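Next up: the structures, one after another.
Next, two complexes with chain A in common: one pairs it with chain B, the other with chain C.
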Partner chain A sequence: MTAALLPDAPESPESPAAPSRRTREPRGGRVLGPLLALPGVAWLLLFFVAPLYVVLAVVFGGVDPVFRTVIPVWNPVLWSSDQPIYVLTHIVGSDGIFGPALLRTAVYVFTASCLCLLIAFPIAYYVARLSGRWKGLLLTMLIAPFWISYMMRMLAWVNLLANDGIVNKVISLGGIFPGDTEWLSGKSIVVILGLVYGYVPYMIIPLFAGLDRLPTNLIEGARDLGANRFSAFWRVTWPMSRPVVIASILLTCLPMLGDYFTSDLLSGAPSTSMVGNLINNTVLTPGQTGQAGAFVLLVLLVSLLPMVYYVRSVSRSDGAIG
Partner chain B sequence: MEQSPRRAGQPAFDRRALLRNAALLGISVPALSALLQACADSPTGSGKGPGGGTPTEGLKIASPDNPVTWDIADDNQPIADGLQPEKGPLRVYNYADYLGPGVIKAFEEKYGVDVKVSTFNDTDEAITKIRTGAVPFDIYFPSYDQIGRLVTAKLIRPLNHSYIPNLTNVWESFQSPWYDGEARYSVPYSVYTTGVGWRTDKVSEDVAALDNPYDALWNSDYKGMVGIIDDWHTAMAMVALRSGVTDVNSENPADLEVIQTALTELSAATKPKVTVSMYNDLPAGQLGISQMWSGDIVNAQYYLPKGQSADILRYWFPEDGKGLVDNDLMLVLKGGNNPVLAHLFLNHLLDEKTSLKNFGYIGYQPPQNSIDTDSLVADGYLPENLATAAVRKEWFDVAYRLLELTVDNDAAWHQVWQQFKAGA
Partner chain C sequence: MSSLTAWWHDPWRKPRLLAAVTIVYLMWSLLPVLIAAAFSFNAGRSRTSWQGFSLRWYYGDPERSVWHDDTLQTALFQTLRLGVLTTLVCIPLGVALAIGLHRWRGRIPSSANSMLLLSFVLPETLLAVALLLVITQVALPFTLGTTAQVIGLVTFQLSYPAILVRARLATIGHQLEEAAQDLGASPLSAQRRVILPMLVPAIVASAVLVFADVIDDFVIVRYLSGDSTTEPTSVKIYNTARAAPTPALNALATLMLVAAMLAVALGFLLYRWLGKRTGEAESIGSFAGET
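Entry: the complex of A and B
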């Protein structure tokens, strides 16, 4: 960065014309920096880079001739792209067997994310800015869902939505209305609402953290300069909260993309299969494990795009502040 | 699956394939050129047919018309006679709820050992874990359609019948079955039929009286309350029978097309739930009608809500036996540490009293000579309305059997199932 800003600067750090960052570092920074980064780097190597390489070795690997289980091929020179090409050529067209599930995933995740935002933003805004002395208690209550595992919460819904479950009993109002809706019988809306219910806490918390830190003096300034509440929100609060909104959408979108048990538990019908179900179905099916890996890579690539956008938008806004 | 040219004895990779891989991966140009250089310098790798896999010449497929007696390899001999049982713990690998706790306890007390049961959801998962060898399981409970692969890969141990005298208690056809002549590697565990189960309070028509009772699963009146067994072969074979295709292991692409079309129609008509938990979902009311194993409909009566009579449950299987019949096996795994104890456990489960006790718990009938199929209702093993869930010995002579498929055919069947499960 320094070199880019000062294209003609001599390279020597000792040069007085180009005081490099190094000269400003505190003593020991040369050792401390890498030392502090070491656990993070080791973590990334061990739990991201290495597993990703295993996935690649499986995707581009071979199949046992007898059991048709996967044989990872570690040497990239021997990789075969049969499996990923099979997946890629079966997404659209007459052979497009995976297309509907991928499209369904996009629609489910998009709808669920929008609903999550509609629910989470007002809640986070209220807790962060308007709740006053109740903030601590409300925050604790917001964190409470994290104490129960996602799967347990979904299993609870299976009981609630069962034909003779509480939901139908409440709807029937003691027998006045039919109340015989079969919620768990392959309904897209149930899966989407399941996703919303499951992931909305993951959106509220980062939204709260972001909204809580917004500089109040800018909003007060807007009000002092004549903006009404709505105008101050729309022209000051919303633009400032955009990065955190994007971050929280990402935080919920990414796990939703790989989710399969919401659909499994709340529907179980192929008509609501998502890409996570494709992965789950193929990973242990003889001869198809490589395809599961290809789906994993597909999800990874798709989720990289918004991630890059987020990183860019954050670095831009950081630059603007700086 | 299409064979790539490399398998015809050519080098294990070529530059075009490598470029394609690299493009998929997004490897940058400098890295790629370095890699190509490395390829040019290195000798050809001994790549093992990646992608589709090489077909196996040696895999024998057993069928009733083509009985197979598996060889016993020199390096995989049965255990010697008269050995003392090991100290355990005996590790049993089985489906959940498929072994009576009382039966296990009796064995533990008799031999003073621990029995540890681990469970799997389906046999594909089980095979994957057994092959890793991570846990030294002693006994495995698959269906007969895996035995060829298990013997070929030497994952199971040939049996020494001197430890299993109770084998004579089972139906004669199972003492030297077509899938394992002389019962060299396996003993039978349970027999079952695959038919249709339903609740009379959800399904008003008499399914058994229909011209083609399988059609009820395609009836859009039952949309949202239909269940299909989450096992590719069992489910697709039922679809084949419904469509008049009686070769449930067909290698004919036209038959697979018929199955595929019927599965698509099924999806559109009833949005079926694909599961193996119908023994719970049917009594709980989430399903009204379902493809079912006979043992599961027997179990279903114990999962009904309190106060709900079991009278509402029904089961249909063709009276002439021309449906799907199956049997599960007990095998001794080669990777286990307790082969003697494992033989004794097999013998224990083939004991007349023990197997009846086990039947009472799991709902799946053992092929014991002592069981009189006609008296299962009178003896209290089956309620009257589920008398059709009794499995008759003579059906095994006429029914359709799911066989192990050749590698390529197996892939073709799996592909149709994959499409169905993807909701396409």
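Entry: the complex of A and C
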């Protein structure tokens, strides 16, 4: 995570405008820039843009009637829309086998993101602005989950939530419940909490980076001019931090849209499967690879708008872009 | 009561509530992992009840310990191999891309920049499935396995070095290389002898971040692994976590955790040492690219 991947917080009005660095082109060696950038650009075209076309060719391609293998069609003129239509007609209605998982994805991702923001904002605010000499230590501990494998963190919860795990032991000691709850078999709440646990660090860190850069003098000014704590927060701090809040919600939501492993590990039941599970379950099944491609396309279309918004908001604040 | 309102209105009161929330969060966030790591030292088979300390699951058990179980060892080495190879390919590519885009004005470099940012926010599953379809549907000189995994990981991680190094370049500005050129350096040698040394801390930081991120990766490495010989640790955990594993799985995960933390700690020390030499104050925050 890096501050360069975030939209800029507004500048304090007193601070002089940063000198523009884009006035002149670097002198000499007009070819040097393109030459150095070429391998990277070629790599992105080859392994990032071209694969998306292959997805299209598979989705709008055909299926071998005997071997059920995929026959990609490279020429857009010959594309058939049988597979996407099959997927679309099976979302709602009597054949709506895909609808529940899609709806569930929306509900899970929305709920988990709201919970993430509820947890992340106060913590990022505290560590960035109020923690004083503890800041370095707290920041290190907030960053630590980044470098702990997601699978290890889920494994930790599989252990805790197992039938004879610590969670059930703690509950039964209290005597409130018998303590034999099967947490790991198809409980939506466990999957949502797993998503929150997994992704909240990815929200705290960008929020921290954004809140750390807010100009303090504006907030102090609001308090000096008679605003109480809440109106200073609501009318000054919150509006200034909104771009960063939106960016960090996107940075958490988007990866969640493709998540299938959290549901697999913490529930494993079809009753909690998300669109990621639909992709994962069909992509290697003979004859259904095209469907997996169609779901990939669907998620891509849904996330396109937020992604473009994100790219624009970051590019705009990056003065170096021509 | 009046003391309570006085406390409430005291502008210098300590933010105890927020501090408590932060501490509770950190415990919730880190304790489960520490408990899982602790159970890798369990003497018995259980991952939920403590039966005494032993190194059985690391070394002692002649069949199922990490040291003696070939499948776990393979996973461990595959993870480290992918980490090293991806970092070696990704960093030069990303640094060159950053310098190139920094010097190049126009429509192509700005769309290349958008592409980079898109690759950063695209859900990983989508990229992994797309690359899987490429490798299974297009005749390529390589198949699923280490090569495919490295290609996928480099594509997914390229934005790290490119964006971190570009952010550093923006703070350096053009004056120094112009001065170097005024003193007779060619454009290329100005890059090599003036700009590149100034970029070393940013390059070290992004190399560490890429390495630590790659050894934790799951989605790309799973789809692009050909068979069980190229399945790294994270995939091993995913495959066995729900199928009655032994604490050896916890031991494997703990070793990965230690490897990542060690890489980050050493990288940070190197970064700080480099920063001291160039006279800049470096913090853990700037190391992770926060400022």
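Methods note: the second predicted complex is superposed on the first by the 255 of 322 C-alpha atoms of A that agree within 3 Å, B and C clash if a C-alpha of one lies under 4 Å from a C-alpha of the other, contacts with A are read in each partner's own complex, and residues count from 1 in each chain.
Everything that follows uses one rule, which is that a contact is a pair of C-beta atoms (placed from the backbone, for glycine too) under 8 Å apart; a residue touches a chain by one contact, two chains touch by 3 or more.
Since this is a predicted model, take the numbers as computed values, not measurements.
Peer 1: Considering only the touch criterion stated at the top, classify A:P34 as touching first (chain B), second (chain C), both, or neither.
Peer 2: Once the two structures are laid over each other on A, A:P34 reaches chain C alone.
Peer 1: Quick check for you: in the superposed arrangement, does A:Y125 touch first (chain B), second (chain C), both or neither?
Peer 2: A:Y125 sits against chain C, while chain B stays out of touch.
Peer 1: First (chain B), second (chain C), both or neither: which does A:R153 touch?
Peer 2: A:R153: touches chain C, not chain B.
Peer 1: Please work out whether A:L142 is in contact with chain B alone, chain C alone, both, or neither, and reply first, second, both or neither.
Peer 2: second
Peer 1: Which chain, chain B or chain C, ends up touching more residues of chain A in the combined arrangement?
Peer 2: C
Peer 1: Once chain A of both complexes is superposed, is A:V170 in touch with chain B (first), chain C (second), both, or neither?
Peer 2: In the superposition, A:V170 touches no partner, neither chain B nor chain C.
Peer 1: Now for A:G186: first (chain B), second (chain C), both, or neither, which partner does it touch?
Peer 2: Only chain B is touched by A:G186; chain C is not.
Peer 1: Would you sort A:V107 into first (chain B), second (chain C), both or neither based on which partner it touches?
Peer 2: Touch status of A:V107: no partner.
Peer 1: Check whether A:Q83 is in contact with chain B, with chain C, with both or with neither, and answer first, second, both or neither.
Peer 2: After superposition on chain A, A:Q83 lies in contact with chain B alone.
Peer 1: After superposition on the shared chain, which partner residues are touched by A:P201: those of chain B (first), chain C (second), both, or neither?
Peer 2: second
Peer 1: Identify the overlap between the chain B-contacting and the chain C-contacting residues of chain A.
Peer 2: After superposing on chain A, chain A residues 162, 164, 184, 268 contact both chain B and chain C.
Peer 1: Could you please specify the touching residues of chain A with respect to chain C in the complex?
Peer 2: Chain A residues touching chain C: 1-5, 21, 24-29, 32-41, 43-44, 47-52, 54-55, 57-58, 70, 72, 119, 122-123, 125-127, 130-131, 136, 138-160, 162, 164-166, 184, 197, 200-201, 205, 208-209, 212-213, 223, 250-251, 254-255, 257-261, 264-265, 268, 276, 279-280, 283, 289, 292-293, 296, 299-300, 303, 307, 310-311, 314-315, 318-322.
Peer 1: Quick check on the complex: what are the chain A residues that touch chain B?
Peer 2: Of all residues in chain A, those touching chain B are 56, 60-69, 71, 73, 75-85, 96-101, 104, 162-164, 182, 184-187, 267-273, 277-278, 281-282, 284-288, 290.
Peer 1: Can you tell me which positions in chain C touch chain A when the two form their complex?
Peer 2: Going by the criterion above, the answer is residues 11, 15, 18-19, 21-22, 25-26, 28-30, 32-33, 35-36, 39, 46-49, 93-94, 96-97, 99-106, 108-110, 112-127, 129-134, 136-138, 151-152, 154-155, 158-160, 162-164, 166-167, 169-170, 173-174, 177-178, 181, 186-188, 191, 212-213, 215-216, 218-219, 223, 233-234, 237-238, 241-242, 249-250, 253-254, 256-257, 260-261, 264, 283-285, 288-291.
Peer 1: Under the touch definition given earlier, write down the residues of chain B that touch chain A in their complex.
Peer 2: 4, 12-13, 17-18, 20-21, 24-25, 35, 38-39, 42, 45, 47-56, 59, 122, 124-125, 127-128, 131, 149, 152-153, 223-225, 267, 271-275, 284-286, 305, 407, 410-411, 414, 418-424
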